[in-house]
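Below: a set of structures, written as C-alpha cells.
What follows is subunit A paired twice: with subunit B in the first complex and subunit C in the second.
For the complex of A and B:
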C-alpha cells in the first residue's frame, strides 16, 4: 500500500517534470527561433527582398561581402558605434561610480535634496531634452557627419543620474570597512581607490557591460543627431534605413547579415561576462 | 470609524475584510491631504526662515565686519586673500571677473530680451535672401542659462561674505585659519564627496536640468514650424494657450483633446499590461526553471539570457518584419489555409495591432524579468514552504500565500519604476509600429498604438511643433509623478537606507 502510494507520487512528479521539460523546450524555441531565422536569412542570396521563405534557397556569403565592400557605409556605422560604445562605457562607469560612492558613503547637506531632484528629473521624458541638445550640439558642430562626439558627450554628461544600481551595491557594503581603513591613516580618496574599488568589481563590470551594450541599440537620439547624413549614423540608425519602405526590397537580406554582424561581438562579450550581468540584475537592479 | 486589531481582522469574513480595507483607504485620504498641507506649510516656513537668515547675514556682517570684510562686498575674495587664504580668494575673484565679463559680453543682452523673446523679425527679400533679426531660440536658451548663472553667482557672493564672518570669528578666538594647503588636502579627504560630485552634477545641470527648464518654458510659447525663431518668424510668449488645447474638451474628429485622451488611455493600458504580463509570466518561467528536479538549469537560463544580449533594435525590427503583411507569420498562416492578417501596419484594426504589440513585448521582456525574479525567488526562506507542506497547503495556496506576497513586497518599487518606464517605452512602439494604424480621426498624426512619448517625438521632431510637444512632455511628467506619489504611499516596502551598513 505504502509503496504503491510512493510509486504513484514519484510517477506524478515525473509526469510533472516531463511537462516542465516540454514547456521549457517550447519556451527556448520561441525565444531562439527569430534569431535562427535571422541567421538563416542572412545566408540567403537568392533574393534581397523580404519573403516568407526562411530556409535559404541559395546559400552564400554575398550579403556579408556586401557589408564589407565599399558599396555601403556599414563599416563606417560599425566603426562609429564601436567608438561610441567604448567611450561611453568608460565615461558612464566613472560618472556613475563617483556619484554612487559620494551618495552612499557621505552624509552631507542637500544630499537628500539632490537625490529627490534627480528622482523628479528622471520622471521627465528624455525626449524633451533632445530638441534643445540638438540645437546646442549643432552650434558646437557636433551633428550630422560629426554626430559621434556629440552622442558620446550627451551619453556621458548626464549619466550620473543612473547611479541607483551602483549605490544599491555600495549600500550593502559595511561602513566599518571604510572606518577601519581611515583608522589606519588612509584618506577618503585612498579608501575609495584602494579599499572600495577592488570590492566593487562585480558592479563595475555590470555597469561597463550595460553601458557598452547601450549604444549598439541606441536608435532615436543617434538618428536625430545624425539627421540623414550617413557618415554620422550608428548601426541602429543605419540598418533601420534599410528597412524603410523604399529600401526594404533591395536591402532586406543585407539587414539580416548586418544584424548578425552587430550581434556577434555583443553576444560574445555577454557570454564571458554573463555571471556579472546576472549578479547585477538580481542584486542591484531591484533594490533600485 | 472602528479600528480592528490584527486578530479581530482575521476573524472577519472575506467580504467584511475587504469593505474594512476599502474604508481604511478612503478614510486615509483626508489624512494624506492634511499631511501634504502640513508638509507644504513647513516647507514655506523653512524657506521664509532661510531667506530671513540670508539677508540678516548680509546686513549684520556688513555692520559688524572690519574693512577687509566690507571691501569683500565689492571685490569678492578680498578678505580671503588678505587673511592669507589665497586659493579661496582667487577662486572667488575669478568667479566675479568671469561673471561680470559674461554679463557684459552676452548675458545682459539675452536677459534683457527674455520678456519678448526678440523683437526684430527676419526679413525675406524678393531675391530669396533672408536678413536675420533676433533669434528667439538663442534668447530663450541663453536667457535661462544666464538666470542659472546669476543665481549661482549670488550664492557664491553670499558664501564669500559668510566666509569673512566665519574667519573673523576664528581669528577673534585666536585660532588658525585653514590654509590653501589644507583646502587642497580636504578635497581628497573630508570634502572628497565634493570632488566626486562636481563633474556628474555639472553634467546633469547642463545636459538635463537646463534643457528641461527650457522645454517647460517652450510650452508657454508658440514655437512651431511657422515660428521657428530664426528664419521665418520669431516665437513669443502666449501663456496657457497650448495647455487649453488639451483641456478644452470637444469630441469631434481631429480634436486635439479627444486624441490626447485616447493616446493617454492607451498609454496607461499599455503600461499596465506590459508591466504585469511580463512580471507574472517572467516569474512563471523563473519558477519553472527553479523547480526541483529540473536539470540543465543553467542551459535554460542561458538560452533566455542570450536574447537580452542581442541589441533590441535588431530583434524588434526583425520581429516587426516577421509580422509584416508579407512576412513569415502570414506566410505560415496562408500555407495553413488561413487568410493573411494585417498585424502592425496601417490597415490593421487597432486592437489587433495593440494586442500584437503587447505580445511581442512579452517576448522582449520575459528574459529580463526571469533574471530579476530568479534571485528573489531563491531568497524566499525554504522553511516557509516546508511548514506549508506539513500543514497540507496545495501548490496554488503556497503560491498565493507565500510566494506572491513576498515577491510583491520585495519588487514593489521595481514594479513602479517598470510601470513608468513602460509608459515611456519608446523603442518598442516606435520600431514595431511607428504608431500605426493612423486613422483620419485623430489629430496631429497620432496613431492608435502611439504612446504619449512616441506622439511627442513625432510632434516635436517630425512636425517641428515644439510647443505642443513640450506640453505633452509636461503632461507625461505630471501623470508619471502622480502615479509615483500615490503608489509610493501605498506600497509597504519601507526602504531604510542605513539598514545594511
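For the complex of A and C:
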C-alpha cells in the first residue's frame, strides 16, 4: 500500500517536472528567437532591406565589414559607448561599494531617513529628471558632440542610489571582522580595502557587470544629450537612426550586424565573470 | 603588561538605555579577571569599552596609567579574541596571524638584526608567527584558509593572532562559547597554560560560571549593568554577597528556603520543614559575631552540601525522589518535600552504598539532611548575605563599589597594587558617589574591613609576585635575549619546555617551518 502511494507520488512529481520543463523551454524559445533572428540577418548579404526571410539568402561578412570600414560613424559610436561604459563601470563600482560600506557599517544621524529618501527617489523613472539635467549639462557645455562626458558625469553622480544589493551583501558580513582588524591596528580605510574589499569580490563583479551594461544599452538620455549630432551618439542612439523610415531599407542589415557587435563585449565580460555574478547576487540576497 | 582601571564607567545607548552603571574596577598587572553574568548584564559591553569598540558614555578607562577613552583600538595596545573568532576568510592562517604585525608601522628595534626599523621585518614576522603557531600546535595549518579548519583550530588561530602582537592587555570575549563541550574543556586548559606563558593582563568575558571559576584570579559577577560582587572564585563561592551571586555561581543552582533564624543565647538554629537544624561551626560563630537576632531569613544551601539517606535521623526531612540525573561521577537528585518544595541534591556516586543506589530512585521516599556549616543566610527583602561585609548600595539597592583610587606614579611603579585612599576625587561624579558612600550607616566599618582586605590582598599579591619571580627565574635562560635584542635569533621562552618534553617533534616542526619559509620565499605574501 505504502509502495503504491510512493510510486504515485513519484509519478506525480515526474509529471509536474515534465510540465515545468515544457513551459520553460517554450519561454526560452520565445525569448531567444529575436536574438537568433538578429544574428541570422546580420549575415545576410543578399539585400540591405528588411525581408520576410529568416534564413539568409546569401551568407557573408559584408555587413560587419561595412561597420568598421569608415563609411559610417559606427566606430565613433562604439568608441563613445565603450568610453562611457568603462568610466561609469569604474566610477559606479567605487561609489556604490563605498556607499554600501558606509550605510552598512556606520551609524550616523539621518542615515535611515537618507536610505528611505533614496528608496523613494529610486521608484521614479530616471528620465523624469531628463529635462532638468539636459539644461544643467547644456549650461556646462556637455551636450551635442560633447555628450560623452555629460553621460559619464550623470551616470556616476547617481550611482550611489544603487547601493542596495551591495549593502545587503555587506550586512551579511560579520562586523567582528571590522572590529578585529581595528584591534589589529587597521584604520577605517585599511579595514575597507584590506579586509572588506577582498571579501566583496562577488558583489564587486556584480556591480561591474551591471554598471557596464547600463550605459551600453542607454538610449533615451543619450539621444537627448546628443541632439542629433552623430559625434555624440552612443551605439544605441546611432543604430536607432538606421531604423528610421528613410534609412531602414538601406541600413537594416547593417543595423543587425551592429546589434551583434554591440553584444560581443557584454557577452565576453559576462562569460568571464558569470560565476561571480551568480554568487554575488545570491550571496547578497540570502547569505545568513 | 598593564594595569587597567575603570573609573565610574557608564555606557548609555542613545541617551536612554543604560547598559553599564558606575563600573569601578582596578585590574592589576598580569591579573586574569573574568567578567561573568547572564546575557545582557553588560559584561561584553564593558570589555568592548576597554577595547575601544564602544564609546564610553561617562567615566574613565585607563590602561597602564594612560587615559584611553579617546584612543582608537589600534592605539590601546590590546589584543582581542572574539566569540566568532573573526578570522579573515580570504587570508591563510599565516597571513591571519601576521596581519597585526604587517599593520604595525611603529618605529622599533628589530629583534633579529637589532636595527631600528618601521614596523616588523619579514623575517621577524615569519619568526613570530611560526613561534606562536608552534605553541598553539597549528604549524601544519599555516598555509590553509580558515574555512579548511575545525572550530577548535580556528579558535587557536584567533588566539595566535592575538598572541603575536605585543599587547599590554589581552581581551577575550566568550572565546569558547562556539565550541562543543569536550573541546571547550580542552581549550580552557590551554588558556590556563597560555596565561602562564604570556605574562600579561587578561580580561575574559563569559556567561559560563565554570569557565569563570577555573580561569579567573578574580571574578566580576554582573547583573543588569551593575557589579554584584568582585572577588576570587573561592570568595564568590563560599561567601556570596547576595542571592544572585550565590545562585549564579555553582552548578546546580543553590537551593533556597524561606525560614526563620532562631537565636537561643549563643547558639543559632534554623527551622526547616518543622525540623530544627542547629547552625554550628564557623557560620554559627559569624552569626554571633555579627550579633544577629532571631529573624526571618532566606536560607541558601548548595546541592553538594546536602545528603540523602535511606535512614531517618532527628535532623533529616522526608522527601520524595522525583528525578535522578546521572552525571557519571555524581547524581543530581531532584526531590520534593511534603509541601511540594523542590530541592536539588548532588551526590557523589563514589560515596553511595549499594542500598542507597537501590533506594534513591524516582518515586521512593528518602531522608534529606543539611550540612549546617555550609549554609548561607540571606535577607529575604534585599537578598543580601547577612554574613557578608557591608557594601555601598545605590538607590536601586544594588552594590556600588568605591571608585578606583588614583595613585601617584611612583606608588604604581613601586608595587602596582591598589591601596585604599581616603581623599575624595575631584571629579563631580566621584564626589557624588563618595557622598553616597559616606551616608551609609556602616561606612566606617566597611572602610576598616576594606583596609584589612587590602592588606591581605597586598600580602597575597606579594606572594604572587614572589611566585612570578620564581617562575621568571626558571625561564631566565630565554629572557635575556628577548630584553637585550642582541641575539640574532630570538628564542621564545616557552621553547625550553617544548624542547625538554619533545625534542623530536621540535626538530620535525623546525624542518617543516624551514621548508615553509623556503616555499614562501623571503617575503611571504600569502595568497594575494
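One rule holds in what follows: the second predicted complex is superposed on the first by the 249 of 288 C-alpha atoms of A that agree within 3 Å, B and C clash if a C-alpha of one lies under 4 Å from a C-alpha of the other, contacts with A are read in each partner's own complex, and residues count from 1 in each chain.
Everything below uses one rule, namely that a contact is a pair of C-beta atoms (placed from the backbone, for glycine too) under 8 Å apart; a residue touches a chain by one contact, two chains touch by 3 or more.
Please read all numbers here as calculations on a predicted model, not as lab measurements.
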Overlay on subunit A: subunit C relative to subunit B, clash or fit: fit
Partner chain(s) touched by A:174 [first = subunit B, second = subunit C, both, neither]: both
Which superposed partner A:187 touches (first subunit B, second subunit C, both, neither): both
Contacts of A:198 with subunit B and subunit C, given as first, second, both or neither: second
Subunit A residues touched - subunit C or subunit B, whichever exceeds: B
Subunit B versus subunit C as contact partner of A:35, first or second or both or neither: first
After superposition on chain A, the shortest CA separation from subunit B to subunit C (Å): 8
Shared subunit A surface residues [contacts with subunit B and with subunit C]: 174, 187
Touching residues (chain side subunit C, partner subunit A) in the complex: 51-53, 72-74, 78-80, 82-84, 86-90, 99-100, 103-104, 161, 165
Complex contacts: residues of subunit A adjacent to subunit B: 13, 17, 20-21, 23-24, 27-28, 30-32, 34-35, 37-38, 50-54, 95, 98-99, 101-102, 105-106, 108, 114, 118, 120-121, 123-133, 135-136, 154, 156-161, 163, 171-175, 187-189, 192, 213, 216-217, 219-220, 224, 235-236, 239-240, 243, 252, 255-256, 259, 262-263, 266-267, 269-271, 274, 277-278, 281-283, 285-288
In the complex with subunit A, residue positions of subunit B that touch it: 137, 141, 185, 188-190, 192-193, 195-197, 199-201, 203-204, 206-212, 214-215, 218, 285, 288-289, 291, 293-294, 300-315, 317-319, 321-322, 324, 326-328, 330-332, 334, 363, 366-368, 371-372, 374-376, 410-411, 413-414, 417, 420, 424, 426-427, 430-431, 452-453, 456-457, 460-461, 466, 469-470, 473, 476-477, 480-481, 484, 497, 500-501
Footprint of subunit C on subunit A - complex, ascending: 174, 176-177, 179-187, 190, 195, 198-199
